[in-house]
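Letters are used for the chains, namely A, B and C, taken in the order the chains are written, and counting of residues starts over at 1 for each.
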Amino acid sequence: MSLLSQRHMLGLADYSAEDIQTILDTALQMRDILDRPVKKVPTLRGVTVVNLFLENSTRTRTSFELAEKRLSADTLNFSASGSALSKGETMLDTALNIEAMKVDVVVMRHKSPGSPHFLARHLESIIINAGDGRHEHPTQGLLDMLTLRDKFGTLKGLRVALVGDILHSRVAMSNIIGLKKMGAEVIICGPATLIPRGLANMGVEITHSLDDVIQKADALNILRIQLERQSSGLFPSLREYHKYFGVNRVRLEKAATPLTILHPGPINRGVEITSDVADSEHSVILQQVTNGVAVRMAVLYLLAGGRAETSDSKAA
Amino acid sequence: MSLLSQRHMLGLADYSAEDIQTILDTALQMRDILDRPVKKVPTLRGVTVVNLFLENSTRTRTSFELAEKRLSADTLNFSASGSALSKGETMLDTALNIEAMKVDVVVMRHKSPGSPHFLARHLESIIINAGDGRHEHPTQGLLDMLTLRDKFGTLKGLRVALVGDILHSRVAMSNIIGLKKMGAEVIICGPATLIPRGLANMGVEITHSLDDVIQKADALNILRIQLERQSSGLFPSLREYHKYFGVNRVRLEKAATPLTILHPGPINRGVEITSDVADSEHSVILQQVTNGVAVRMAVLYLLAGGRAETSDSKAA
Amino acid sequence: MSLLSQRHMLGLADYSAEDIQTILDTALQMRDILDRPVKKVPTLRGVTVVNLFLENSTRTRTSFELAEKRLSADTLNFSASGSALSKGETMLDTALNIEAMKVDVVVMRHKSPGSPHFLARHLESIIINAGDGRHEHPTQGLLDMLTLRDKFGTLKGLRVALVGDILHSRVAMSNIIGLKKMGAEVIICGPATLIPRGLANMGVEITHSLDDVIQKADALNILRIQLERQSSGLFPSLREYHKYFGVNRVRLEKAATPLTILHPGPINRGVEITSDVADSEHSVILQQVTNGVAVRMAVLYLLAGGRAETSDSKAA
């Protein structure tokens, strides 16, 4: 039986505050394992996890792969290039084929929102969403929350600002959903063209002034400007973007108390963040990376750790 | 000592009915392991298997890799791109180099028929053919036979039709050879341009009428039309191919008893097979995939499981 | 605590004769493991090794990967393509991110000399240089020395000639440095355009006559001519190169006692070496490959085996 109320991890939208609490608490125990010389436990021995990354992401795949190996799972990477998908097979056929090889967990990244939900409806395996288009990236949301909780002790009442390209960001979506559930206040800051319509309905504050945000927030989660979007016309130029929304030390010094700085990476030094901010003592960017492995270990353990008991019951 | 009469698995042509029986029986035991929560046995611990795929095949490589990991072998993937082969090294030098790293088993896919035989002559390692050009794909033949035996209890006297592109199909060759050895009758059906001359000498029945085959056969193994061969002039168009050789429900309903449907995958829905056939209750396509892992575990175990005893005898 | 006087393996230049001796002796024990049916020891269980190959090399990566797996380390391959590096991240940020995932050892290949030294200054992980531009390739130097010691019993007083493209060769550099430390005499032979100025200062003899070298040396380490350098103007043509510096049987027969032949591979048959030499009984080319795995196991064990004790001390 899963130790959470959900069978899959498709998005934080499905998860209760209680479940999120359980995951973050479990991640702390996992992080203890990461600090040991022998960073390995036998929890998922004989469990097979397939990393089905149909969109490239070395960083997230590596984090999942390390989490899986440290739980002693058998792990297999499956990417789009060279696969049957490139020979015209449907995504569902590919997934059913992988499952027929007796796979327990599928960690999936895909450019289309809802792809992991589609798999969850048709497969018996446990599905973990590793990012589906602009929709959600739940383990990133969880690792950001763990990092904030580490720093501030609680998420309740915390004022967290998300800065930058909100429109294309599943990281932003999972942060908004998760942080709101845990009682934090969320402020959104970016150019109007990079903030999706209807966001106000999610109970967040929206502003276009970075200086304003710096006065109010406890922490900034600075989103990556995807350089390949420069020519999209959504912002005039990197130089212009940096002028209005780039986070640098001079701007941050106007805050009453120093802000904690998060960034999902990879960072563009000199664009959305300057080096003096990224490398400062208030930056928790590398702690996010460590927490990413711990959170993924926790999610895998909580969803698949009880696999032994339920392996023959096709529960929804 | 190998538990089979052969040291390598180069093709089913070398194997006796008795050996094939042993492999299929062993595969059943391996399939039991796949149904356990802990899908892993220590049988090949410390044995190194290299997957030398000099022609791309995510599906077959994945199946072998999972088989190897579930037997606790150390496994290593070696593909052509980026390797010394692309720097002008000969295939034999590459293979000798891999072997010098103290490898026990080489699973090889190559576009040239006979490549695994060539390696077997020069290397001390156990060689498993994972497909050599149009020649053989023995583990595919074995998994097809296991799936048929699961369904019908025996292969003896079974009438199995292979439908489609026989000319380019190593799957067809290994099926013909294996099925004949096990006492099945084999019917070949496809356009004349896609049936190699001389096939009649192999003791098979040849027909160009799919409707005729549907009247006679117990099972259809529908081969993949490789879309990249469309412009080869061997058949007029996909639409035309589908009209004469596409297997659909209407056609199948003319059979006295429902035919069992196999396909080596990946399937082209609407070309050689329609969705109502591929997804019907008579389709065993996904069972084939599961059996693929089980058969490969069986072959690896039978060939390399006794490696401990023979590791220093260079037997032919 | 590391069992060597160094924390990293950046180049043989940092290593004492005593340390090199320790590595070669340990490699012999590792080679014994490679000859067992179960080629695996639990020495590095729970230790994570990342193979950060930012320049392609299937051969060296495979050798390291096998060494890591046989010591039971968790191993992860990280290449440049598809990674954050290709999204504009700096190499240091990539490395810091990998380290933040709690990695113990980074095995690095990079086209720029000094890259592993740069990482060693900024990361807490143990860094092993797997080739940095023209600078060093220390484990190759070590495996060449082990192979020579196997053959001759000692390196002291041995006359070893390096033949070919010295200019672009990190293999040559690590050989010169290591052999000199161990008391061997080193002779350099190649076209003047492929021998770097200033080499004479390293205490080696330089000659442009292969026939001369064959009279004097005990062993030839024949370097690879990188075919992609043909158009660089450094030598007139492959045919011309072969005429003056290609090692063939006729030439070798002029030696008083048969010379031992080494080559780091992949070999270009008919260019720098002919088949009758490469495949002769005096060739130890495949022993070099076996020794490569053994030497890398030794280096990993000696540097990271005591990781348990030092994991929380950031020693320089």
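A few remarks follow.
Just so we're on the same page, a residue touches a chain if its C-beta (ideal position, glycine included) is under 8 Å from a C-beta of that chain, and two chains touch if they have at least 3 such contacts.
Worth saying up front: this structure is predicted, and the values here are computed from it rather than measured.
Interface note: subunit A and subunit C, two copies of one sequence, contact each other through mostly non-matching residue numbers (shared numbers fall below half of all numbers used). The angle needed to superpose subunit A on subunit B by their Cα atoms is 120 degrees, rounded to the nearest 5. As a whole-number value, the distance joining the C-alpha centres of subunit A and subunit C reads 40 Å.
Taken residue by residue, subunit A touches two or more other chains at no position, since every residue touches fewer. Contact residues on subunit B toward subunit A in their complex (touch as defined above): 34-40, 56, 58-59, 62-63, 65-66, 69-70, 227, 265-269, 286-287, 289-290, 292-293. Put simply, subunit C touches subunit A in their complex at residues 45-48, 74, 76, 78, 82-84, 87-90, 93-94, 96-98, 100-102, 307-309, 311.
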